[in-house]
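Alright, structures below, take your time with them.
One chain, subunit A, links the two complexes that follow: it is found with subunit B in the first and with subunit C in the second.
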Partner chain A sequence: MMTLPAPLAMAVRVVAPIALALAVGGFALELLGKNPIAYYGFVLERGLLRPGGLQETVTRMAPLLLIAAGLIVAFRAGMWNLGSDGQFLLAAVTAAGLAPALADTLPRALVLVASLLAGALVGALWSLTPAILKARFGLNEIITTLMMSFLGVSLSNVLIKLLLRDPGTTVPQTRSLPVEERLPRLFDTTVHSGLLIALAAVIGVHLLMTRTAFGLRVQVLGTNRAAAVHAGLEVERLILAAFTLSAALIGLGGAVEVLGVWGTVRADWNPAYGALVVPLVFLARLNGYAVIALTLFFAALMTGGESAARRMGVPQNYVLVLVALVLMFLALIEYLDRRRPRIA
Partner chain B sequence: MGRGQGARAHELGHGAREVVAADRDVTDSDAAAGPDAAATPDAAAARQAVASLREVTKRFPGIVALERVSLEFRAGETHILLGENGAGKSTLVNLLAGMLRPDEGEILVQGRAVRITSPRRSHELGIGVVYQQLLLVPSLTVLENLMLGGPWWRPLRRAAALARFEDLSRMLGTRIDPDARVGALSLGEQQHVEIIRALWRDETLLLLDEPTSMLTPQGVLDLGRMLQGLKARGTALVLITHKLPEAFAFGDRISVLRQGRLAGALEPERLRAMSGAERTDTVLALMFGADAEPAPAERERLAGRTVHHGARVARTEPPLLALREVSTRGSRGSRGETPLEGVSLELWPGEVLGIAGVDGNGQKHLAEVIAGQRAASAGRIEIAGADVTRGRVPERRRAGVRYVTDERLGEGTVGPFSVATNLVLKEIGAAPLWRHGITDWDRIERHAREVIAQYDIRTPSERTPIAKLSGGNIQKVLLARELDPGARVAILNKPTHGLDFRNAQLALERIGAAAARGLALIVISTELDELLEVSDRIGVMYRGRLAGIVENAAQAERRIGVLMTGAAAA
Partner chain C sequence: MSALLTEPFLTALIAGAVTAGMPLLLAGLGEQISEKAGVLNIGIEGMMLLGAYTGFVVTYTTGSFALGFLGGALGGMLASLIVLVLCIRLGLNQIVIGIAVTVGMQGLTSLLHYFEFSREYPRLAAAPVWVLPVLGQIPVLGKALFSHTALVYASVVLVAVLTWVFRATHWGLDLEAAGQRPAALDAAGVDVLRTRAAAVLSTGFLSGLGGAYLSIVGAGIFVPFMTGGAGFIGIVLAMLARGRPLWVLLGAILFGVSLALTTALQVAGIDVPTDVVQMLPFVVVMIVLVVFARHSMLPPALGSPYTRGER
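Moving on to the complex of A and B:
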């Protein structure tokens, strides 16, 4: 069997599933009677090449990157934090409730910082139950985080409808934060500065994981818990630390999205980014830089896909089909890679 | 390989004599009893080959695991396969078990060329395999385990299975409750269940991969008796072993593999005609090559020379390590392991304390409680007089305690991480390799390169994932990490387990050198001869208690043997 140098092999493993998914997805488009080349071209143009599209794409990246940063921490620690939707949404609602209330009295910078921190804190708090159950009793965090996620999504709606509802609107939603009070825009674009926070978070997490003692400890725990015990690491504290850091970053994502883009949260709003970001993070092999590139790719696909849905009549869900295909090919390539004969 | 001449040979020698009722006088130097000439009449030539390999080659990336190997396995004959780690024995088993396919050559079963495409196919062809590790489901009963593996659509028929189980039990002379949970059986009994499973479909070829590695001396006797019965019924037996005395006791025919090639074979007639010493010499020459240097070393071992040169231990000083009535009953995560009960011992610098005993009598807890990995539920642990009972691993390490675990990949290392990282796994965050929590990778890798050179660790680079290294080299990494200059007390759990002769010898030498440097060492092993070689005193664990500690002097073996049965504990 031919062996490739490591970085090249990694690139192949990331690019090949995407290329295969685009090819098979193109076949599906053909069946729908659409020209795949035209579709992909359109998506590329609208999502990346036009200034407006590019700005929208880049704006979309901010919450995705922050969720990805959180998931990198959790997954490297071997912890399946699948409760990102609940953590994200509760943090978003917290920021949406807090910011307008503070805006009347405090200066803008302080309002934003306080709201961002509050979002992160709420996200972390929401992960505490699964984290403690995992650390102390070894309870499976997949189940507990999913359960907490449902509760978090529901609680968010309850908060919006009962506590934070803006009386001035018919649709239940929180009081809107005025545009001039939101996160400052970058230069003359529509992109808000939350993107910088997100990029800093992803790169920061990457450096934390690869260059610090904490990151190495977390990864020892994630790769071989018995070895972590053997090496005398404080396993329970590491689990708590990794879990809360993960959820805090995801919560920060929720706050950034609200403070940067929407200024309010409507009842029953749930972008469910987790379903997209979890596979993306694995596709990137938990590498921060690869996450940035892939997030750009998927964000462009989403932006362009929405335009294409309007203009070409391809359902918007087609983007999700592509994501699913990427995942399937990722799994397939992983399987083929593992199947390579090893010395018995 | 070829290890276990000393005490093991004695135990086995006696057992083997019983088993095969050898009619020859066996002297001490000729510890290994021969195959029984009387019970195997000279019909060898007439015996049929149940299975054979013809010019079989199997390659893996960068390595030829088997090269044009031809072997025959005959009915009613025990065929011993010997060879160092990596000689190709496991590959050979996997080929017959349907786990691997040969690249070249063919496998014949009952004279017909066959393709063994899966383990199921292997069973259908009448090949049963008993692996070194037990592959039973501990939470299921014996019978349930045996009924596994049928087609999914067929309902389980208890009555039929029970009848079959009783047939085989009678034939093998075992008495196991078919409704007992497998997890509750002793290792020896579990292995009997494995053998029953391997014979479930009237298999005519039975492969056993190091079947004695975890058995008590009594278990080895039982196994021998069982194999003898199977042989009489015309089953072809293939036995892979590291231990020469066993090879001579059980084997009718011996084939030696070296680096994937058949280095040579001893035919039954030739084997019978040889004296014990001749056999040993011949086999060692085949295993290591005639001019290789380990063979003389092995002979010196046979002659009783030891690695340890006798420590001058000043017992007037306070002990470096002391355990006072330490128990671990009820500590977390015990999972049916034997806890310690009131274990006391004292250890002085420069001393090696061997811990003998059948596996699973509390040795693991002893190691873990000293390393700080497991909390003591009662008692005191002292290092140089200071109470460290409450300290965990980091505090113990700072006090100079080191622990070489027997689970090298399970807990000793992180498999996908580099050799360099694994060398500092227990120092994460400490200066000078970390400054303010920031990793100095350059320094870690430089450190690794130095250690790799110093300890002759064979690895493509310091960045290679440690799981890709051989067992012997992984152990070198662990020994380098734990017997570092800061070490004062080290506990080594089965330091030679699974290593081939050279690496095992190297590990023992390193232990001797550490003792000479003034470390206080505890060596846990199930290989008594090894303990006799390195220890000043030997303690015996029995059901969580330290049944006794004896000076490593004349008659030590006999006294240890008595302690191992628990006779003295009562």
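Moving on to the complex of A and C:
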């Protein structure tokens, strides 16, 4: 059998599930009486090729990238942080509550830095209970992070409705941060500088995980906890560090989204990015650079899908079907790859 | 406080708790069967959603609620086939596929709903109710507890049946072994994959039934994404119950009561944001976990595929 050079093999493993998913998804569209070629062409044009669409796509990437960075840390440590929605939303509400209050007295740069840090801190705090329970008692983190996520989403709404509500609006939402106080935009575009923070975070996390002693320890922990204990690593402290770092990055994502795009959080707003980013991080095989490429792809799909929903009558949730197909083909290709007889 | 002890409030609270707790109970019991057999079924949210849709469509077109429940259960089983083939037969990662099932069914059901009903949300007639003889005549409780769809009584019976199945039948022991030490089950001559496949199909059946109850009895309509995390609460219930069906029932009641509390309080004229009340069960469970934290006693083989002869 032909063997491919490593980077190319990686590219094939990432692209093949997407291509297969697009093909099967296109077949489904055909069955529903829609022309798949026209649909994909429209999505591509609106999501990537038009300047307006491209800017929207790139803006969408910022929170997704930061959540992905957080998940890379947790997954490399072998921990299922499935509570990203709660961490993200609570951090977003914190930033949305703090920034307008500080903006009355402090200069813009200070307000933004303080709000970003507060978001990251709240995200980390929200993961502390699952982290301690995992480190100390080996309590399954899937159940605890899910619980804390539901709790965080509800608590965010409570905070907005009871504590941070702007009395001037009919729909409960936090006081809006004026546009000129938000994260500065890049050049003449609508893209805010949170994107740079997000890109730096993903690349930083990738280097941290692959090039540093801390990253190596985390990987050992993730591969085999018993081996990590035998190697003399301080496993409990390592779990706490990886978990809180993961949640802090996700929290930063929430803060960036609020300070860069919305300026406020409305009650009952929950983008539920976790369901999208978890698959994406898997597809990228926990590799930071692949995460960036895939985030661009998914963000373009979301932007283009929204336009297509209005223009072509294909609901935007079709994107979810594609995500699911990508995941299944990903797992399937992984399986076939493992089964292939290896000839040295 | 006396406003809280009025008849309308209590009836609304208890009847609402039953209606809200039912989908959680069925999902939790379903998940429990899978977990016992060593399969972590993260996709039950998706199975519930497909069950909610197929159940709704069947009742909508035939007018029969019994057929609707059956359709919902079959829909859930259909979704669980993905887990069966990819995770049990091929041994792919259960968490990845589980998330794929949930996300995929969210997309698929909203797509199907859109192409079938466009932007309309037709409402079903109220489901027929069985008023139990004698018990149904008790003031307050009669209306609140003993005037429900037949499925409600069947589900309570199911709790007892499952307890017996887990404890006293061969199939129950096979399930337990498939989760505790699959190799031993294999050595005893029982097909591990078949045992797990049966477990996953049962999970699909029960989750689909729960979803159908949600759409055709609880809400009377189908709305995309209507399960809203009920499947995940079911997973939490199953994990906390540690293999005991009765505990799933108690957990479902706890969550059901707090979900119904907001509506009931509104009946009593007290306006509390839904979210405050919805936090309560999660707070309670987290406190329980923190206070009684110990190893979660999940089956050792949970989440790992079984390949014969592999160490």
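In the analysis below, the second predicted complex is superposed on the first by the 337 of 344 C-alpha atoms of A that agree within 3 Å, B and C clash if a C-alpha of one lies under 4 Å from a C-alpha of the other, contacts with A are read in each partner's own complex, and residues count from 1 in each chain.
Convention: a residue touches a chain if its C-beta (ideal position, glycine included) is under 8 Å from a C-beta of that chain, and two chains touch if they have at least 3 such contacts.
All figures in this text were calculated on a predicted structure; none of them were measured in a lab.
In the superposition on chain A, contact of A:321 is made with subunit C only, not with subunit B. By the touch criterion stated above, A:233 is placed in contact with subunit B alone, subunit C being left untouched. Of the two partner chains, subunit C is the only one that A:330 touches; subunit B does not reach it.
In the superposition on chain A, contact is made by A:139 with subunit C only, not with subunit B. Comparing subunit C and subunit B on the residues of subunit A they touch gives the larger count to C. Of the two partner chains placed by superposition, only subunit B is touched by A:213; subunit C is not.
Once the two complexes are overlaid on the shared chain, A:224 sits against subunit B while remaining clear of subunit C. On subunit A, the surface touched by subunit B in one complex and the surface touched by subunit C in the other have no residue in common.
Residues of subunit B touching subunit A in their complex: 60-61, 63, 65, 90-91, 94, 99-100, 371-373, 392-394, 396-397, 403, 405, 407, 410-417, 421, 425-426, 428-429, 434, 437-439, 441. By the touch criterion stated above, subunit A contacts subunit B in their complex at residues 1, 3, 210-217, 219-220, 223-224, 226-227, 229-233, 340-344. Put simply, subunit A touches subunit C in their complex at residues 32, 80, 129, 133, 136-140, 142-144, 146-148, 150-151, 154-155, 157-158, 161-162, 275-276, 278-279, 282, 315, 317-325, 327-328, 330-332, 334-335.
Against subunit A, in their complex, subunit C makes its touches with residues 40, 42, 82, 86, 90-93, 95-97, 99-108, 110-111, 114-115, 224, 229, 232-233, 235-236, 239-240, 273, 275-276, 278-279, 282-283, 285-286, 289-290, 293-296, 298.
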